[in-house]
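To start, the structure itself, in structure tokens.
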């Protein structure tokens, strides 16, 4: 695509009207055209920023962020996206606020949303909790708007829950689309989402789940590989299967990293915790059984250590398509000999892919901004046109 | 009121010129017309936001917030108000800053104010301290402006001190005005500001004080009810008495919740700490007597527990005017069986009033924004007119 | 200077084209004309703000701040400068982020910079570390821009490193220029940068180093005074010597505060830690030798205590030029009998100079804003002209 008009024409050819005034929780809630609208608008916003055209569509308004887990890149991506559109970020730090003191979700959600257009939440620590919490918040502010408490309905962007990590998977996918020169070139390509060893424990399942839940929609042969016992949520595997059938691709599971890497066009080696163990941990937390949690942690670390051979080595990379598969990671990676003794990936592999990896990450602010615009504007194609005509420079020239 | 011009005309009929370039500390510092200007402008700003007219009156400038107590709703209300007008919030977190290391108030106040238009402070923990501190800050930056250090005089908004909580009481009042269809309908209405049991201790006195100091100005019959020993500051009771006399209403004190609720049109049941005990606590802190503070806390909790019957039950609510008094609370409330075993209010009462309670809270950002505009603009009515003519949409359409 | 055009003309007479798309690390990296451009632009921005002309040159964009040491005034100065130009500050709090968990500088620098125009860093704790870290960050994002990861190259402003504190020294200098009625009046003036006793330990060397590295460039007679053993970095002394030679002034070192103060036009008495000791501390940290660090701290405090007579007393002030030298400090000062028992300065001296001291500090936001503009705009004089023509009021009138 060359001109802004191309993006506008593309948007006008897509049906995404259900996204307006709605949340973005899971990619599989959305139609193919809706996802394509996100990709198109993300590219359009990047094009405009590169061409110094301001995309400030809000004169005022807040973007509330609520991180229930540490975060650098997602925090800055959300802040960047809000800033790009004219929203000011206000963090709800539950340590500083009264949320911890028994306030209900419903009340807090309304109290922080009087001038909120968007709420971004990261809540990925406990199986069965994050997505549910986001739905509660969404229902609370939807109701608040209907009751006349809130002038606007703040919509949500899922910045990572226990089930999906849509802004990550969509950024990964947009990177793939750019690397392969268009979504039409992905049919028949092999993508390996594989577990890899890490000396830490309890990494969220939402990345592999987000990847198999999304990447199976483009006609690719998606292989999920992990040691026995490291299963992801069965519901998401079901979605991946149905996606693959519908898209003319395939979704298979193997217990061998070598098999997954063999002739792969794209590899995504990354550690995660077994679903069953995470479910157990959630229950232990529910019971306040901290001894049990410590014991579980030790067991999991010991279990992980049995699979140190699950690493993205030069040898394995050599077995991929022409030895040149596109290596993906959500970052930060556990790099052997760099960030840990033995980890997910060889330092030489990581180094060779450093620039594309950072580019992969660079799509996230635009993906988030596109989601926000699609949620808040009934006709974003018209808005792009108006911004082009207005032609306010982002930096004064 | 139907059009923006109605609000403008109303403002033009009021005298509030003393508010310009001044602080907002206590409602009883202000004339009736000045308070009416705050209500009118708050409604006007809400009307404009609802009609997508940007009220960004600052192209740049900071709103400094200084919270010496945890806060969710006031923090977000201040941030919303600043954002609505175009000011960027910068928190002075005394933990992160060097304030804790012996800097004087005067110096810090100047150092953070080079580009500050507004300073919002919450300092409600110690009797005799909060208001004094705010005055010190105000004097420091006023002097700084006069000395040519600061290009502008940053004015203050009291976000809760030991004496008054003006943004809360004004938001409560604006809610009452809307519920009763206008300030002219309040004459002769009975309002019960009553103590209620809470399992926590040391809740600020500024809410009941703010309520009796403000609500006695509208011709209502205001009853302050609390168990013996739970007096508020005598100076504020004096103000309430004088207000009532002047407004043709009344101010009475009783030691019975039932008596206060009887035929009341409005009830505000809420826990607070006895003034004398809070004064004692302040002195103990001054002496660094932490054993004394712990002992006092235990005594107060035991004393509170003798008054568990001071609760806003369905039975009591049934005794109010037609059983339908307007229930108010500054939130969060201690709800029996929800946030605590026994608390200020029955869950069924709270639930029935949830939507109006959240609406009550929703006025706070507009009250704060109105205070800011009245402090920073000599002729806010003209500014509203200019904003209407400029007609910049808040969200691009 | 009286009109904005005067500032524009002045800028047009200076060569500072190398500043565009570059960092500001050390004042001695910059030519005299480049420093003059900073002073001129800082004055111009202040003039415009005083005359209610908006200087918002960014419609969107982030200013990233990274403070590795507590800070009030520099934090607020950076936030003010960003806000003045239209950038939104986003703090990278390493506690909240994943930086602490082994991420490389290169990766983090890119991950936070997708929409960053400016990065401000304070990292002054360890000799040999701060400046190096800033260079690493700069190289990382420069590379990221060249590799197509970042649309723009975020440039850096050094908010204090182990070597220099350019925003402080430049603000101090602009204050001197204003007090003496122009840089042309500084020739032959005597400036005493002297150590002073403080009951704390380990104060950064970057202030005295920044002062002697900058103030020797204006033809002044700069005297550096400290007790034996309190040397600053020898490299910076070398720079001061060369500067003095070139500017026709002088740079001398003495071990007597009295000698330094004698007939001085300007005095800057301030505590700092001996360079050698700070180097030792850095090594102890490197080795994780915390017992060694504690021991060193005790030694240094004992050593400091031998020099309690190094204080800016009324007696010493009386020996300066007409008894009226301009007293400077970066604040906060250790004031005898106020913030400590015995400190850097007599309370009566400090009080007499309080207003000029605060004015001195008030230049910092403008100095930072000027640095940002010179880094981000190829022709800031043209931009000023455009802003004048655009004539958007900072506060709506």
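Note that the chains take the letters A, B and C in the order they are written out, and that residue 1 is the start of every chain.
Heads up, the rule we're going with is that a residue touches a chain if its C-beta (ideal position, glycine included) is under 8 Å from a C-beta of that chain, and two chains touch if they have at least 3 such contacts.
As the structure is a computational prediction, the values presented were derived from the model and not from experiment.
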Chain A on chain C, rotation in degrees - Cα superposition, rounded to nearest 5: 120
Equivalent interface positions on chain A and chain B, same or different at half: different
Chain A-chain B separation of Cα centroids, rounded to whole Å: 41
Chain A, residues touching no fewer than two other chains: 88
Footprint of chain C on chain B - complex, ascending: 57-62, 88, 90, 92, 96-99, 101-104, 107-108, 110-112, 114-115, 117, 144, 147-151, 376-377, 383, 386-387
Footprint of chain B on chain C - complex, ascending: 46, 49-50, 54-56, 70-73, 75-77, 79-80, 83-86, 88-89, 331-332, 338-340, 355, 358-359, 361-362, 364-365, 392-396
